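Next come two complexes, and both contain subunit A; in the first it sits with subunit B, in the second with subunit C.
Entry: the complex of A and B
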C-alpha cells in the first residue's frame, strides 16, 4: 500500500488501462485520491469496479507501485463498508446457490455443441455432488456470510 | 620516557566543573610523568611558551595537553612541540572539555574522576607513540586524460595551455564524443559542430598534447606522481603519416555498413574504410575490420590498389606503449540508454521509432539538404525513456532530455510550421540559465506539450504509429497517430566508463556513474589523490556543466602538480615483515588497492593507502598495523580507561571515527547535552581499526559495553568501512555468545555529525543495558583471554 506515495502522476497506468478506454476508470486518480486520503472518491465510485485486474499498469508503472493490488485492497474495503454494487451481489448469490456465477443458458449449450465439446461443461452442472463442496467452501471462507450481510 | 602533562582551565569552562588541582596532582604521580602543570588558557601565548620552556628544561620527550577537543588545537600544539624540537607525533590531547566538563556539568566529582582517567589514557597512548615523518613524493607535469569528448578536450586544453603535458586517450577513431553529433545546442542554438571543431583542431595542433586516438588504456600501476600506464593503439590499417584523407579508398570500397553506434546513428551508410565525419581529428581514414572483406573473407584489398599515397597497411598490428604520468583525469562520458529495453515503445521493431541522437542527425542532414528519411508531418517526442524508471533500475533523471526535446521539437516546427509536433512529458525540468525562456519559445513556436507518459505504441500496417496516453491534465485517455516518434533516451554509464572505474578502483554511485570524493566540496576529486573525474562520466549533465567540471578537474590537477611535491600523512598501514607470511588476505580486503605481495611479504604503497585499517582487521597473523593507531596503542588506551574502574561502576567504550563520530561527540559537548559518565570516547581514524581481538580484550579487562561509531558510508572518506565493522562486531558477538556473555553488549552505529540526540541515545541505552544486565562475572571475563575471533 505504502508504495503509492511514490506516485508521480505520470499517467502510464491510465494510458495503459484497457478498461479506462471504455469507462471512466482513471487508475492514476485512484492512486491520487488514496494519497490525499479522499476515501469516498475511491470507495464510493463505480469506477473502482471497472478495473479488469489485467495488471498492465502495475507492470509498467515507473515507480513500481503495486497499483492493481491496491485496487483489490480498495475493493475489499469498499465491500466491507457497504459499497457493494447490486450486480456484484447478484453474481455472488448465483455462485453461492448454483456454483456458477452466470446462468447456463440454451445459447451456451448450442455454442458448445457447435465447437464439438460436451454440451454441458465439466463443472457442477456435470457433477452436482460438487455443489456440496462449494457450499462448504463458501461457508468456511466466510464468503457466504459476508454476501448475505450485505443483502439489506 | 619523560612526559609533561598540561591541564587547561579554559577560562572556567573546564575548571568550574573539574577540580584542576586534583587532576594535576594525579597526573604528576603517573609513571614517566616528570612535570604536571595547569594554566588558565593553554592555547595562549603564555601556555604555549610554558610547554616550549619545559620541553628543554625537563628534557621532555612527550607532551599531553588536557584541554578542548583536538579538532580545535591539535595542529596548534603539534607546531608548539615541534618548535621545541619534539616530533609532532610525540604528543597527545585529552579532551576534558567537550567530552567531560561540558557533558557532566552537574556531577563535578564524577567529572573530575573521568578527567583523570582521560589524562591517564592519553599518557598511556603517548608512551607507545613513535616519532613519525611525512614522506614526500615529487610530482612532474604529465597528465593522462581518458576520453576525448568535450570534457576531455576542455581539460586537455586547459592543462596544455598552463604548461602541463597531456596524453589524451580516445577509444574511437576521432575525438569529439557526443557533442560532435549534435545539431544545435540548447538554449542558445549554437551549431554544435561549429563551436566544437575549432577546439578539436586545437587539440591536434597543441605542442603540449599527445593524442592517442583509437587507443585504450589497458593497465595502470602506481600512484600519484608515479603512474605507469599501458596504452594499446588499435590498428587503423592506414598509415597516419601517408593518408591525406582524399577519400578515394572509401569511394572504391564495395562494403556498405549501417551501424547505430556510428556518427550518423545508423541513418546513413558508410564504407568499411571510412573517416567518422568531415571534421574528425585526427583527420585520417580507418578500416573497420568487422566489416572489411579482406578481414572477413580474405578478398578485395581494393582500397590498397587505389590509394594514391600507398597508405593502406593490412599488416598493422596493435601496439602497446607505456607512459609515465603524474595525475589522471577520467572523462569517459556516457552512452545513451538502449531503448530496446522499453519494449512498449517498439524501438528496433517499428521503423519510425527513433532515438534522440538519430533525430539530431536527421536535423543536421535536413539542413545540409540531404534528409536521410522522410519523417512526415506528425512527430511525437516521448520523454524519460530510460530515466526516472524503476522498471529498468534507472531512477535518476538524465537532466538534459527535457531541454534537448524542447530544442529538437522547435527546430522541427520552425523548419516546417505545418508540422504537428507534440512532446509527451511527466515534468519539464528547465532548471538552467536561459532554459525556461527557451521552453517558452518552444510553446510560442507551436510545439504542443502534453503532460502524460506514453503507455504504449502500436504500429499500423501503413507504418504509422499510434500512441496510447492519458493527458493527465484533462484526465482523458487518448489514442493519437504520428508519422515519427522520437524517444528522449537518457544517459547511462558506458562500457568505457565501467572499465576505467575498475582499472582505477573508482567507486560508483547508485546510479552507476563515477562517485566524487564529496558531493559538495570535492565534486571532481576521487577518494584517490591524483585521480579526477569530470563530465558525464560523473553523472548526466549538459555541455556548460561538463565544461565547468573539466576546467575544475584541470585546476585541481594543477593545484597538486604545481607544488612539485606531495606530502603523505605518515598514519598509514605498515607491515611487520617478520610476522607476515604473504598470504595476501590484506590485498583482497584493501579497497584502495594499496597492498601488493612482493618478495613473499605484503608491501604497502603509502601514497594509495588511506589508513582505514580494514587490512588490520582481517590479517590472520596480526602482521599489519596502521601507524599511530596500532592495536597496542589502542589497547593501552583501553587499559587505562578500565584500570581505575570501581566496584559498581561500569564502562561504555565508544570508539569514534574522527571524521564524523568524534566531531559529533564534540558537538554534543558544545550543546551541553549530558550523557552517561560511564562513556569513554577513544578516537580512531575509522572504527575498522578496532579489531575483534581488541574488543574481546576490552571485555576481558572490564569493559561493560562497546559502541563503534562510524561515519555513514556515503560521507566516509573510507571505502566499505562499515561493512568491515559490521563483520568485526559479528565476529565478536559470536565469541561472546559462546562464552555466555550477552552479545548485545557490543554494537556499531553509523553517524553523521548532526545526529546529536541519536548519539546521546545510543550511548545512554548501552549504559542502561549494562545496568540491566549487571556485571559480567569475573570467570567469564577471564575465559575471553584465550578466545579468538
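Entry: the complex of A and C
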C-alpha cells in the first residue's frame, strides 16, 4: 500500500487501462483518492469493481506502484464495509457451500460423460471430508461470518 | 515426469473438453497426471482475492498442500488458478506468513512446507524434452490455419512474480503455433484481457463482453481462423461470451476458441470430439479444411 504515495499522477495507468475504455474507471483517480484519504469516493464507487485485474497499469507504472494489488486491497475493505455486489455474494456463497465458485448440476455431469472423464470430478465434489475442511477453513478465516452478515 | 492435475472450476464443471484433451495429450506424452484429490476452487484471484485476501491465501495453501503430500508440483490449465496458486506460493516464501497460515491449516489437519509449488501447462509443455516429443508425434498438418494467440493476463502478469517472458511482447505460444505448422497472426491489442477477470464477468457481464467483442473483431480483421489461449476462464468468456454477443445481435462473425492442449491434440491427430471441441458454443468450422 505504501508504494502509492510515490504516485506523480502521470496517468500511464488510466491510459493503459482496457476497462477505462468501456467504463468510468479512472485508475489514476482511485490512487489519488486513496492518497487523500477520501474513503467513500473509493469504497462506495462501482468503478472500483470495473477493474479486471489485468495488471497492465501495474506493469507500466513508472513509479513501480503496485496499483492492481492496491485495488484488490481497497476491494477487501469495501467488501468488509458492505459494498459487495449481489452477484459477488452469490459466488461467495457458492464457494462456502460447495467448495467451487460455480454450480455443478446434472447437465454438467452429462457434459463430462460425453468426453469420457469421470462423471463427477475428483475435486471437493467427490470427497465429503474435503468439503468439511473447506467449511471449517472459511469459518476459521472469518470469511463465512463476513459473507453471512452481508446477506442479513 | 509427474504432476498433480489441479482442475479448478470452469474446466471440470463447464468445459470438460479442456480437461479431457489435457488428459489425452498427457497420456500420449507419457507424463503422469495424478488427481489432486479433494481440491476446491483455487480460489479465483480477482473474485475471492477481492473479497478477503486472508481467506484466499488459506484456501490456496490448502490446495497446494495436497500436491505437496503427493511430492509433485500441481499443474493448471487456467490462468486464474495459476495466478492464485503461484502468487500464494510466492507470498508464502515469507517465513512468518507461512507460519501464520500453517497455524490455521493445522486445525483442519493440513500443513504446507512449500516443498512443491505449481506449474502452468504451458511451462510444462515448453520444456525441451516434452516439446521435442510433441513435434515427433505430429500427425495432422495444420498448414493454412491462421491463429490469433490470446495469452490472457495472469499467465504473464504481474511479471515480477511470474518471472516468465516480457508481458508486452510474449512469444512462447506463438512459437508453439508455428512449430505445429500453423501461422500465428498479429492483431490489434493482442495482449488485451478477455474481460472476465476481477469479478467483472459475474459483477458486470456487459463490460466483460465489450472486451470480448473488441478482441474478436480485432482478431477477425487480422484474418484469424481461430483463437488459441492457455486459460479455461478465458475460454469460458471468449466462447460463452461470443454466444451471448450473437444472441444480443452485437456480433456478426464469431471465431472459434481452443485451449493450447486441444490444439496440440489436433496436431497429434486426435479426434475433435475426443478433445471436446464439439462442446464449444462457437463451432470449429475450420476443421473441414484440415
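Operating definition for what follows: the second predicted complex is superposed on the first by the 128 of 152 C-alpha atoms of A that agree within 3 Å, B and C clash if a C-alpha of one lies under 4 Å from a C-alpha of the other, contacts with A are read in each partner's own complex, and residues count from 1 in each chain.
Here is the rule we go by: a residue touches a chain if its C-beta (ideal position, glycine included) is under 8 Å from a C-beta of that chain, and two chains touch if they have at least 3 such contacts.
Since the structure is predicted, the reported quantities are computational estimates derived from the model, not experimental observations.
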Ask   = Of the two partner chains, subunit B (first) and subunit C (second), which one does A:112 touch, if any: first, second, both, or neither?
value = second
Message = Applying the document's definition of touch, where does A:39 land relative to subunit B and subunit C: first, second, both, or neither?
response = neither
Request  = Check the residue A:141 against both partner chains and state whether it touches subunit B (first), subunit C (second), both, or neither.
outcome  = second
Request  = Return first, second, both or neither, reflecting whether A:99 touches subunit B, subunit C, both chains, or no partner chain.
outcome  = second
Message = Output check: A:28 vs subunit B and subunit C. Expected answer is one of first, second, both, neither. What do you get?
response = first
Partner chain in contact with A:121 - subunit B first, subunit C second, else both or neither = second
Ask   = When the two structures are overlaid on chain A, which partner does A:51 contact: first (subunit B), second (subunit C), both, or neither?
value = second
Inquiry  = Looking only at contacts as defined up top, I'd like to know whether subunit B or subunit C touches more of subunit A.
reply    = C
Task = Determine where on subunit A the residues touched by subunit B overlap those touched by subunit C, and list them.
result = 21, 59
Query = For the complex, which residues does subunit C have touching subunit A?
reply = 7, 9-10, 12-14, 16-17, 19-20, 23, 35-41, 43-55, 58-59, 62, 104-105, 107-110, 153-154, 157-159, 167-168, 189, 191-193, 195-200, 202-204, 207-208, 210-211, 214, 273-274, 276, 279
Request  = State the interface residues of subunit A toward subunit B in the complex, per the touch definition above.
outcome  = 8-17, 20-21, 26, 28-29, 59-64
Key: subunit A partner contacts - residues on subunit B that touch it in the complex   = 344, 384, 388-391, 426-427, 451-456, 468-472, 475, 477
Task = Quick one: which bits of subunit A touch subunit C in the complex? Just the residue numbers, please.
result = 18-19, 21-23, 49-56, 58-59, 66, 68-69, 72-73, 75-76, 79-80, 84-85, 87-88, 90-92, 95, 99-104, 108, 111-112, 114-117, 121-124, 126-127, 129-130, 133-134, 136-138, 140-143, 146-147
